[in-house]
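What follows is a set of structures to go through.
Here subunit A shows up in two complexes: once beside subunit B, once beside subunit C.
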Partner chain A sequence: MPGVVGRSIPRIDAVGKVTGQALYASDYYLPDMLHLKLVRSTQGHACVSRVDTSALEGLTDVYVFTAKDVPVNSFGQILKDQPVLADERVRFFGEPVAVVAAKSRKLAIEYSQLVKVKYQPLTVVEEPEQALQQEAPQIHTEGNLLQHFAFQKGNSESALDKSELILEDTFTTPVVDHAYLEPEAGVSFLDEAGVLNIIAGTQNPFYDQQEIARCLGIPKEKIRVRTANIGGGFGGKDGNTVQLYLALATWQTGLPARLVFDREESLVASYKRHAARVWVRLGFSKEGLITTYQGKIYYDTGAYAALGPAVLGLGVEHAAGPYVIPNVQIDGYLCYTNKPPASAMRGFGAPQTAFATETLLNRAAKQLQLDPVKLRLKNALSKGAEGSLGQPMNHSVGLKEALTLLEKSPLWQERLQPNDPDIGYGMAAGFLSCGMGKGIEDKAKVEIQKLPDGIYEVRIGTVEIGQGSNTAFAQLAAQALGVSLQEIRVIMGDTALTYDSGSTAASRTSYISGNALLSAVADLKRQEELGEVYPKGVGEAVFPEVKEVNLGIGLPHSMYTFIAQAAKVKVNRRTGEVKLLQVFAVTEAGKIINPMALEGQIQGGVAMGAGYALLEQIGFVSGLPKQINLSTYLLPTSLDLPEIETAVVEEYEESGPMGLKGAAEVGTVVIAPAIVAAINEVIPLPINKLPISREQIAGYQAV
Partner chain B sequence: MAVYTFTLNGKQTSVEVPSDTTLLETLREALGLTGTKEGCGKGECGACTVIVNGKAANACLIMTSQLAGADIRTIEGLGSDGVLDSLQTAFVETGAVQCGYCTPGMLMSARALLLKKSSPSTEEIRESIAGNLCRCTGYAKIVEAIRKAAVSARERGV
Partner chain C sequence: MDVITPQNLQEALEELAKDPCAGVLAGGTDLLVKWKSNTINPPRVFTILGLQELNFIREEEGRLCIGPLVTHQDLAESAVVQRHAPLLAKACAQVGSLQIRNRGTIGGNLVTASPAGDTIPALVVLNASVVLQSAQGERQVPLREFITGPGKTVLQPGELLTAVSFPCMEATEVGFYRKLGQRQAMAISIVNLALKATLENAVIKDISIACGSVGPTVVELKRTANRLKGHSLDTSELRNIVVNAGDETNPISDIRASEEYRRQMVGELLYEGLQSLRRQSAG
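Moving on, here comes the complex of A and B:
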């Protein structure tokens, strides 16, 4: 139906969700199922000398599995460096050592406590700096430096010599958690045909299917993985959480099984956002043009690689910000430590480096006596410009328009007439790539079929994790077919019913599956013209790659989404409390398919970024996590967050489905430096560390 | 095991469960009402919020044995005969739902507020859901939806 795209349409799954009828992975209870409990390491780094399960021998209805039950005991998206169940060594607190299966959750917990693991503690590697020292214990045989990425463009040293202003500083960001409301969850069972079925909260069922086949030696065609409704993902359900343990238990016993992490397990042992230490030096001309970016970036990937190398890649790619900079020199290091594996999390490596660069830019604006928006307007990327890694901006680039909208906003105008010395205003700009990047397979295949009941069934291999892609796809299909939304049914993320279209990550889903969907509709229309009564169309799409530049796997990208965000805060100088009063967030993401849904993504992204700025962190002492529940790991509540006003720069991305670009992650990238800048309008305290310390603010003495 | 009887979504209900069973376990596992979600099991996230005797409560912190004769309302009891309650409608239309996992608990907290106060202020709305964590929405559209539902209920004279 024309006019479906571009309209604020309620989510197609909203009614199921508001009535409690929508089933999540944790809502499946199967007859006679086993409840699984993982026995987890109590040490940050240790040799495992013995896993003693003898206390469970002779008991009925209890099963226990250890490393010896896993034929190929290693997995990982990029490197196969992580054991399914730890064998001779544990490398982080909470690492799974054994699986216990029993008839009830309570029994599984009780029995799991009877498994005795004997450890010989090893020195814990706590930070990347320590990891890189020669005498540091080697967490993996190949050493603690997992990846070094170096890039150079122009001549940054001579450019600095000619610069009018040079600023530099070192910034640190903490380990944080996705903290989706639904912890990692899934169920498994054998169907009548003997096929192992897994229903799980996962962002990539096809990857799960492959890993289960490889690790457990099960033929791929005997494995079906599908998604239920997923209670949030944000990157944390991309990889193995429950899937391999469920597969192991059901394949070995023939019985259905359920595994749901409790909140402590989720906080302590699931994937995390990389902690980072970033040193940046910026050079400026008298007019405020950025002449030079130099950066040394250390990302802490924890005990296993997971998606770490790709996250460092994006950290490096976005480090210098969305600006034209002729001289660039970056060194990025990815280090193993004895922490839970850090992997994908909304913004994927970009928020860490953006905090450093945007904070320095705001300091530069002050020294150059330029409005921070003006400083960015002078340097902003535009269509046809060259990004910091030499990549061409051949797609829609609405950054200058976004900055101009922000400048004219009531929030930013209010800043010109300040009337409360405790209130400050700050802003930052950012971008985030869409797609997997250079040299990484990035394609989708979608099928659409007209059924006898008149419904068009769209089958898409990517996953609905709450972001609303299912509704966007229904809108695209309805618009392209010229039918109503009620005539579209969307099936997603099922290895038996959909085609492998890669991970639901990298702000790629709507773009790549959307393009494949439109191609499938075109194919269906051809069949229809040939007189097919129940036509079926199949369409494929491949993400465009940068041709001009090749910097190794994943770098750079061919497309970016842009933002400019402003924050207004009130600072309590006595207690150090920072109250976020208002946020204005501008986004350029090509054509907006569903304005209400986009606004929800941006508001949610800002909320996550505000938590990053003000509240959240998991600290570690000798490898042991300090925040293990939601009373100590603090998420923003309804009382912490303000009204978040959004605006869009509507562009049209020629290569995107009906003009769109990905937008689910970008909102998280720069609100932290905007908040820091707002605080700095009240007190000129250098803030180099997230989360922002109340003690530091309260302890600040005006000179 | 013991038998406990209470009113659940307007119907007299009896369940036989061990005395250390929480209301959350009773709802989800004994009665198959999985609309009430578990996010932490410790009263920290609000995903399991239900209404007990007119007040919002975390089902994970209440023992079923404490509930003899109580009046309990869950997400399954919001709305009737396939017709959405005004809050549910507002959540759908406003875009207050993303992943949806916090939604049932959020709706029950909001319903408890509106039972007590038909014209709450924005501050009262924010306070009423302060114990319900949401990681997707930033609460903006949830607050807006509750405000809209309150207004529409007033206009209809409910």
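Moving on, here comes the complex of A and C:
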């Protein structure tokens, strides 16, 4: 129906979710199912000399699986460096060593405590710097340096010589957790045909299917993985969480199984955001043009690669920010340490480097006596410009428009008439790539069929993880077909019913599956014209790639979404408390299909970024996490979050489905440096570390 | 865990006499957390939340008497408490979150005896005492003596805390309460501080100051209080007097804050409190 796209439509699954009818992965209970409990490492780094399960021998209705039960005991999206169950060595606290299955959750927990693992502790590698030292213990046989990425453009040294202002500093960011409402969860069973079924909270059922087939030696066609309603993913459910353990238990016993991580397991042992140490040097001309970016970037990927190399890639790609910079020199290092594997998390490597660069830019604005918005307007990318890695901006680029909207916002105007010396205003700009990137398969195939009841059924292989993509697809289909939303049914993320369209990640889903969907609708219309009564259309799409530049590891990307965000804070100089009073967030994501959904994504991203700025961290001492539950790992509550006003730049991305670009992650990228800048308007204390330390603010003595 | 529900206070005390090691469950906001984390595992608990005779707020002969089962939210909203002990209402309003305040009780907060307990400094400066009742009789204990260490009280097996009471604040008295936590709700105090003072033309005639989370039990800043007596709230010396008030405390470093920061914050919160008193006396 015309006018469906561009309207704030309530989510098509909202009623089911708010009334409790929608089933999440942790809501499934199957007759006679086993409850699984993982036996996890109590050491950060150790040799495993023995896994003693003898206490469980002779007990009925209990099963235990160890490394020897896994035919191919290694998995990973990029490198197969992680064992399903640790064998001779554990490399992080909480690493799974055995799976215990019993008739109830209580029994599974009890029995799991009877499994005795004997460890010989090894020296723990705590930080990337330590990992790279010669005498550091080698976490993997190939060494602790998983990836080094170097990039150079222009001549940064001679450009610095000619620069009017040079600023440099080192910034650090912590390990943080996704903290989705629903922890990692799933169930498994064998159907009548003997097919192994997994229903799980996952961002990529097709990857799960492949990995289960590979690790357990099960033919792919005997495995069906589908997604339940998912209580949040944010990147943390892209990879193996529960899937391989469920498959192992059900395949070995023939019985249904359920595995749900408790919150403590999810916090301590699931995928994390990379901690980082970023050194940046920026050069500026007298007019405030950025002449040079130099960066040395160390990302801590924890014990296993997971998506780490790709995360480092995006960290590097976004390091210099959304600006025109002629001279660029970047070295990125990805190091193994004895921490939980760091992998995808909303923003995917960009928030770490953005914190460094945007903070330095705000310091430069002060020194150059330029408004921070003006400084960015002078340097902002525009359509046709060249990005820091030499990539062309051949898509919609609405950064300058976003900055202008921000400049005109009441929040930023208020800054010009300050009336409270304890209140400060700060801003930052950012971007995030859409799609998998150069050289990495990025395509989708979608089916749409008119059913006898008059409903059009859309089948899409990507996943609804709470981002609202199913509603966007229903809108696109309804608009393209000229029918009402009620006539569209969307099925997503099922290896038996949909085509493999890759991971629900990389801010790609609405774009790539949307394009495939519109192509499928066109195909269906052709068949309808040919007189087909129940026409079925199939459509495919491939993500565009940059032609001119190829830097390996997926760099660069062909498309970005842009933001400009401002924060207003009140600082208590005596106690160091920072109260976030207001946020204004502008986004350019092409045509907005559902303004309300976009607003939700941006507000959620800002909330996550505010936690990153002010509260959240997991610290480690000798490989043991210090924050092990939600009373010590502190997320912002509703009382800690301000009014978050959003605005959009009206753009149209020619290559996107009805003009859209991805916007799931970008909202979380730069609110931390905006908050830091706002604090710095109150006190000029250099803040180089997240989360922002109250003790540091309280200890600051005005000169 | 067996849960037993006594029908009235008498029955609860008799049952408790028979099984003095049983747990007592009121709002459950502490007990259930400890139970889940395996810190405690009582085979039997008496759930007393339904005992209406322990849920009251009464004004009696110049004292405010509060039943142990009054929730933090009820105290925060109570007009009587707001009139006679506004600093207690303020303390209660900062406990946990609305959900926790609707469930957690004042008696529970005292018996839990956390060094960070949010109501305790307020009740200490109010000179509160508690009534401990058993099948054999009852005794009254000053709150200062009731809590002896982290999680430790003088409550004997078989005894139940059945009331907390304190003198209503006089017209000449003003109070202040401040909690410093890592976030706006669901936060364990880094430092909390309560003070009550008698003012005469903005001069401090008498003052008592208590703070939590800076020692094994609530710490009263007696030396600082003595130094403040006789000073006007308008004097510029106030800051010098309070800036090192933290020296009277004995904080530790933990996951929430360092020892040094806590000590520094004692002085800062006290200074904030004195500024607040000044505004109150002016208004």
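Note that in this section the second predicted complex is superposed on the first by the 703 of 703 C-alpha atoms of A that agree within 3 Å, B and C clash if a C-alpha of one lies under 4 Å from a C-alpha of the other, contacts with A are read in each partner's own complex, and residues count from 1 in each chain.
Definition applied: a contact is a pair of C-beta atoms (placed from the backbone, for glycine too) under 8 Å apart; a residue touches a chain by one contact, two chains touch by 3 or more.
Treat the numbers as computed from the prediction; the structure is a model and nothing was measured.
When the two complexes are overlaid on subunit A, subunit B and subunit C sit side by side with no clash. When the two structures are aligned on the shared chain, A:508 is found in touch with neither subunit B nor subunit C. Contacts of A:596 after superposition: subunit B is touched, whereas subunit C is not reached.
When the two structures are aligned on the shared chain, A:224 is found in touch with neither subunit B nor subunit C.
Look at A:634: by the touch rule set out above, it reaches subunit C but stays clear of subunit B.
Look at A:363: by the touch rule set out above, it reaches neither subunit B nor subunit C. Looking at the shared chain after the overlay, A:695 reaches subunit C, while subunit B stays out of its contact range. In the superposed model, A:376 makes contact with neither subunit B nor subunit C. Put subunit B and subunit C next to each other and count what each touches on subunit A; the higher total goes to B. Of the two partner chains placed by the overlay, only subunit B lies in contact with A:607; subunit C stays clear of it. Rounded to the nearest 10, the superposed model shows the Cα centres of subunit B and subunit C diverging by 40 degrees about the centre of subunit A.
Nowhere in the superposition do the C-alpha atoms of subunit B and subunit C come closer than 5 Å.
Taken together, the two complexes place residues 631, 636-639 of subunit A in contact with subunit B and also with subunit C. By the touch criterion given at the top, residues 97, 180, 182-188, 255, 257-258, 260-261, 264-265, 268-269, 271-272 of subunit C touch subunit A in their complex.
Interface residues of subunit B facing subunit A in the complex, by the touch rule stated above, are 28-29, 32-42, 44-45, 47, 74-76, 78-79, 84, 88, 91-95, 97-104, 107, 125-127, 129-143. The touching residues of subunit A, counted against subunit C in their complex, run 574-575, 577, 615, 626-627, 631-632, 634, 636-640, 694-695, 698-699. Those residues of subunit A lying in contact with subunit B across their complex are 8, 10-11, 13-24, 26-27, 29, 178-183, 229-234, 260, 262-263, 465-468, 596-597, 599-600, 603-604, 606-608, 610, 629-631, 635-639, 641, 643-644.
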